[in-house]
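Next come the structures, one after another.
There are two complexes below, and they share chain A, which is joined by chain B in the first and by chain C in the second.
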Partner chain A sequence: MAELLRTHPLEAWTDTFAALPAAVGITVEPFVAMADVRLGALAPDESARLGVDLPRTPNTWVPAGDGRAVWLGPDEWLLTSTAETPEELEDRLRAVLVPHGGAAVDVSAQRVSLRLTGERVRDVLARGCALDLHPRVFRRGACAQTTLGLAGVVLLALSDDGSDHGVLVRSSFAGYLADWLLDAALEFTTTEQ
Partner chain B sequence: MTSTHRTVEGGRIDRTTTLGFTFDGEALTGHPGDTLASALLAAGRHSIATSVKLGRPRGVAGAWAEDPCGLVQIEEPFPEPMLLATTVELYDGLAASGLPGQGRLADVPDSARYDAVHHHVDVLVVGAGPAGLAAALTAARAGARVALVDEQSEAGGSLLSGTDQLDGVPATAWVEAAVQELAGSPEVLHLQRTTAFGSYDDGFVLALERRTDHLGAAAPEHLSRQRVWRLRARSVVVATGAHERPVVFADNDRPGIMLAGAARTFLHRYGVLPGREAVVFTTNDSAYDAALDLSRAGVRVQAVVDARPDGAPHRRAECDDAGIPVLPGSVVTGTRGVERVTHALVAPLAGGEVGASSAVGCDLLLVSGGWNPAVHLYSQARGRLRYDEELGAFLPGDDVDGLAAAGAAAGVTDLAGCLADGQRVGRAALASLQLEPAADDRLPSAPEFRTPAAPMVLWRVPDTSGAEGTTQFVDLQRDATVADIARAVGAGLRSIEHVKRYTTIGTAHDQGKTSGVLTSGITAELLGVPVRATGTTTFRPPYTPVSFAALAGRDRGRLFDPERVTAVHGWHVAQGAVFEDVGQWVRPRYYPQPGEDMNAAVLRECAAVRTSVGILDGSTLGKIDVQGPDAAVLLDRIYTNLMSSLKVGSVRYGVLCGVDGMVIDDGTVLRLAEDRFLALTTTGGAAKVLDWMEEWVQTEWPDLRVHCTSVTEQWVTFPVVGPRSRDVIGAVFPGVDVANEAFPFMTWRDTTLDGVPVRLARISFSGELAYEVHLNAWYAMAVWTRLIEAGRRYGITPYGTETMHVLRAEKGYPIIGQDTDGTVTPHDLGMAWAVSKKKPDFIGKRSFARPANTDPRRKQLVGLLPTDGSTVLPEGSQVVELHPDGVLPPPPVPMLGHVTSSYRSAELGRPFALALVRAGRSRIGETLHVPLDGSLVPVEVTASVLVDPEGARRDG
Partner chain C sequence: MQLIACPWCGPREEVEFSYGGQAHVPHPAAPADLNDEEWAHYVFFRANPKGRFAERWNHSAGCRRWFNAVRDTATYRFEAVYRLDDPRPVTP
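Moving on to the complex of A and B:
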């Protein structure tokens, strides 16, 4: 195992996030292994060989063991895992996919994973996301590739009541998005005088 | 000053609280619920400012956004220009002044917050008057997601301005109950003080909510002052009511002249008597309500001047009871008074001829020429308007997909009709959404409607004043008159759009709310064509003015544009780096030591790299994982040179061209496996190159079994550069044999550091011995720190983009986008060696055979050395050639090219430049000139590689 110190892009925001009220909770998810998956000639219904039945419905995600499988495109998925190292995940997937002309690419450090929870989190998201995130249309299992503020994100609905969302953002944009979220939440984090 | 014109009771103001404010420096008072205009009128003050061109006194002429006159500047608490006194809610400490047409921007930054919110609904209802409330209730009761927005401070619309009864009690009680019912519906968003100002395709409506403006200095800082709502609705109900229209007559602009309905609003809503003695001039029944209400409130109504030959017979008895003289078949031809109207000039009108006028004393002249439905949102959504001859108004015509007008906005004129129309349109919206109306969706009962006498369509009264229309104001804000329209028509203009632009009518803050349709009518009269043929000008957003601050929202300051940073950004900041923007990336430009300017720092950094070792954060380089059995085939087609022959473990520099054969990007390619490559792009080209590859794979070569994935932020890239780089790399990564023979130039090796995979690559962008360190960004800081520690004994020097640019320019390595501009081929850059002659095809190949691409006179990349050894040529400078006799050719002097890069060189001990110069390579050794500050700087043309042309340094 690695002894080298890992540094999270949002390390400097941890204390600020921790002080937020429950209505607009922001949690930085720790280092998660992620791989971009292309099936190539492997039939989607054979994707169980990857350890998960990949979601076929556009803009959805499913649990995959201790991680998630996120639909990104007609032949593109994002697989996450908290049990494997990035290399283990990529190697395992490539072993299945390469013989079929598919591909798996380690993108663990490409994105940062945030979790937004609380009864006002949908109001915060509405300040910068043009999509309809009402629980009637965006409930657990839904995902979207969209923009939040001026950053591209993958948004995951983690609950049926709109109070729990996962956000995947490019690592280089993470600081911007963190600042943006804190600013967007100001109305709910400032106590009335 | 006391509130001389306040009623004893009534109005929707809080008389128990007194607010202090100043206007034009005068201290005045009002109450919560007042607007600035109502508070001024309560003090007997009509006059607001003088007009923009003619300097004529102007006052409050309307009660809301239709007012063409009452522009004010707010001075306190924050300076803001061009607001209407009729729409500014009064607050304690307000300081305002009248504006003669033009405002003054604040000279201090606006510290208030502004934001935007996206909101999606099934049904959006614009306007909370009777029709809008009915529509919203119908939709909400059916369980639809509803948004109801209204621009006033409270719901009710026209019901706030009258004495209507619903279910036998004042209609405002029904309004309160409706608002409460909506508040209890979880899927209803109800916003007051919110103006829907633009409607667009697919049910997209923009609205501005004024959240804290009315709180003045008490506004909480953490709340946005204004908010732009980005509303998306499956169905939009436009229940925006109607604007009253004046009639044009001579001197119709004096303070004290206002719309009849506005006077009713001031009376009933604000408890204000706009005058003591009134004359009412009308073409329709609605103004009788104003006359009677004002009379009951104690105003002496001198006369109702009704242009219709028979007037309104069924209102006659009421007027007689109230002692109000009615003059049917009469018109107001003009007025007297300067600061305030003193007399209305009344004359009989018969057969289009005006008789002799008599002066009737008054301090208030109310006017009604009919009602224009507020069709703005319908028209913006490209609804086609239809002219109604009887009403003299433009009404919504055919339905627009997903958008319908209801109530007065659709031309309905009575309360019961508006309620029913709102419910009807609300139910139609539900039907389109496949929702059933609720069983208990009932309407309140309204008094029976008395069919009014037919209105008369009268745009203007013939001018008997002798002024020939020059005092008959159509657009009061623009000081534009009937004479101006006549001049436009006389100049041959027939299109209403041209008349608008010629006269400027309708271009002020109110966008012609009172003047637009009048102009159509008057223009039609002058042209002798029907009004429907003239039509209206185009309604465009915004409906009312919106400040740029509100539109900018939170995208200001640091949030204006995302700052992308690398995994070791914090280290750069701690080292005091000076940063520069590279696209959205923020990169260290140089690391100044105490006392150093950029020149000194860059010269030091360059010298350190060329003599010992430096380190750069190159993580911003674009990186694309190209994977699949046909990966090599794709790269052979995308790059100009051969990539399929690259061996696993090796690296090759490649150039990418567009189909025109012009260079679009460049970078190195690492072959990781038979079926896997890592392609590095320029920082700015990362997204473009990935899109480029995807476009070709998806549209032209879908048969290729290859997948491209961005890994730009997966891998950090740290070039360790200089003659001592081998020592540093060897010390940090003992598992790698760094000897030149074992690890030659343009190869890569995988290793691990404490179990973490690391890839090292012998790639040089400086000509020096160099290693790029690639690894998972999680471990970036730890590895960067180790490299710095290991390099300390060699004085390892972190360097920024500026030094990187100098070092590469000394070697003649171009920066795509700086030394190229989309018209430069690889051959122009001296890189014919990077263009394969073996490959059957690749993007750009065909273009290289075109005569223009092989013309020896093309601009080519060369080096320039200013012969004085000291001038740093500005990038962008032109390069010219003197005649053999040393004289500059006569103008226009032929330009041979321009300087693309220019720096001081520590290695050369002098400044140098790269330039694109016509037939440049054939000019090597010649002296050309660069005009600079009025003189000509001689420069020697050289090869583009100025340092180590033999490449002796790259292996250390």
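Moving on to the complex of A and C:
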């Protein structure tokens, strides 16, 4: 029987993205393990066993080992890991959280990750997102769940100068968002005469 | 576009939110004792004031949390935003 390989929903866009100028760079990031964590309260020693101090400030993310811990709600976080498989991440989190009434669910297939780099990506994002993404307020460590175009996304600020953003978008919206981003970036991709 | 201040996320555009109807509708203490008319009043009957109205809202495109807001139905102005477990604030 043929092996079923997971196909990235944005595979058809990678060449188009690669041809973009550096000012509006769009990269499709490889799959990572993601888990949705629900938890009311966690003692400090349990945070240590979890390997991350889950951010309590709304709309922030912190590095967590080889991944990130993203605030999704007052009792909800998204934990990612580039080193573990989804099953390993889920098992490790469950072992810590379940005795405390928490829950961890593997959501690796829910979202795909894009990375937007360059000095004009803020202008591209501003075409479909009403939030203030100026590095004065949206610098490394900040995140936001909002809409970009018509798709719900999680925006992650990855640098202090506003030139590096992560975008997590639901897999079924990824194609729409990729087309939307290319359209929004159009004015920065044409060469000057 | 009107901004609504989510208690968790701060001011966001109105399109990110969905409406949840009147707030502070108490669940009957003894639902089994109600007759059909009383149950219908609990399930379907809602206030419809002109002026300040305490409502439930959900930040559906953001943190997906429910909260309460006092909104003036005549001006559409949001007078106060507060969490579900807080009492209705006194608005001037």
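Just so it is clear, the second predicted complex is superposed on the first by the 180 of 193 C-alpha atoms of A that agree within 3 Å, B and C clash if a C-alpha of one lies under 4 Å from a C-alpha of the other, contacts with A are read in each partner's own complex, and residues count from 1 in each chain.
One rule holds for everything that comes next: contacts are C-beta pairs under 8 Å (C-beta built on N, C-alpha and C of every residue); 3 or more make two chains touch, one makes a residue touch a chain.
Note that this is a predicted model, so its numbers are computed, not measured.
Engineer: Does chain B (first) or chain C (second) touch A:Ala109, or do both, or does neither?
Structural biologist: A:Ala109: touches chain B, not chain C.
Engineer: So, does A:Asn59 touch the first partner chain B, the second partner chain C, both, or neither?
Structural biologist: A:Asn59 sits against chain C, while chain B stays out of touch.
Engineer: Touching A:Ala130 in the superposition: chain B (first), chain C (second), both, neither?
Structural biologist: both
Engineer: Which partner does A:Gly51 contact after superposing on A: first (chain B), second (chain C), both, neither?
Structural biologist: neither
Engineer: Between chain B (first) and chain C (second), which does A:Thr146 come into contact with in this model arrangement: first, second, both, or neither?
Structural biologist: After superposition on chain A, A:Thr146 lies in contact with chain C alone.
Engineer: For the overlaid complexes, name the partner, chain B or chain C, with more touching residues on chain A.
Structural biologist: Higher number of touched chain A residues: B.
Engineer: With the two complexes superposed on chain A, say which partner A:Pro9 touches: chain B (first), chain C (second), both, or neither.
Structural biologist: A:Pro9 contacts chain B only, not chain C.
Engineer: Please indicate which partner A:Leu186 is in contact with in the superposed arrangement: first for chain B, second for chain C, both, or neither.
Structural biologist: Touch partner of A:Leu186: chain B, not chain C.
Engineer: Identify the overlap between the chain B-contacting and the chain C-contacting residues of chain A.
Structural biologist: Shared contact residues on chain A: 130-131.
Engineer: Touching chain C in the complex: which residues of chain A?
Structural biologist: These residues of chain A touch chain C: 58-59, 72-74, 76, 130-131, 144-147, 152.
Engineer: For the complex, give me every residue of chain C touching chain A.
Structural biologist: 1, 8-10, 12-13, 15-16, 61-65
Engineer: Quick check: in the complex, which residue numbers of chain A touch chain B?
Structural biologist: Contacts found on chain A: 1-9, 12, 31, 36, 38, 40-41, 86-87, 98, 101-103, 105-111, 123, 126-132, 134, 136, 149-151, 170-173, 175-177, 179-180, 183-184, 186-187, 190, 192-193.
Engineer: Quick check: in the complex, which residue numbers of chain B touch chain A?
Structural biologist: 113, 115-120, 145, 220, 222-224, 230, 232, 554-555, 558-559, 561-567, 570, 585, 625, 627-629, 675, 705, 707, 709-715, 753-757, 776-783
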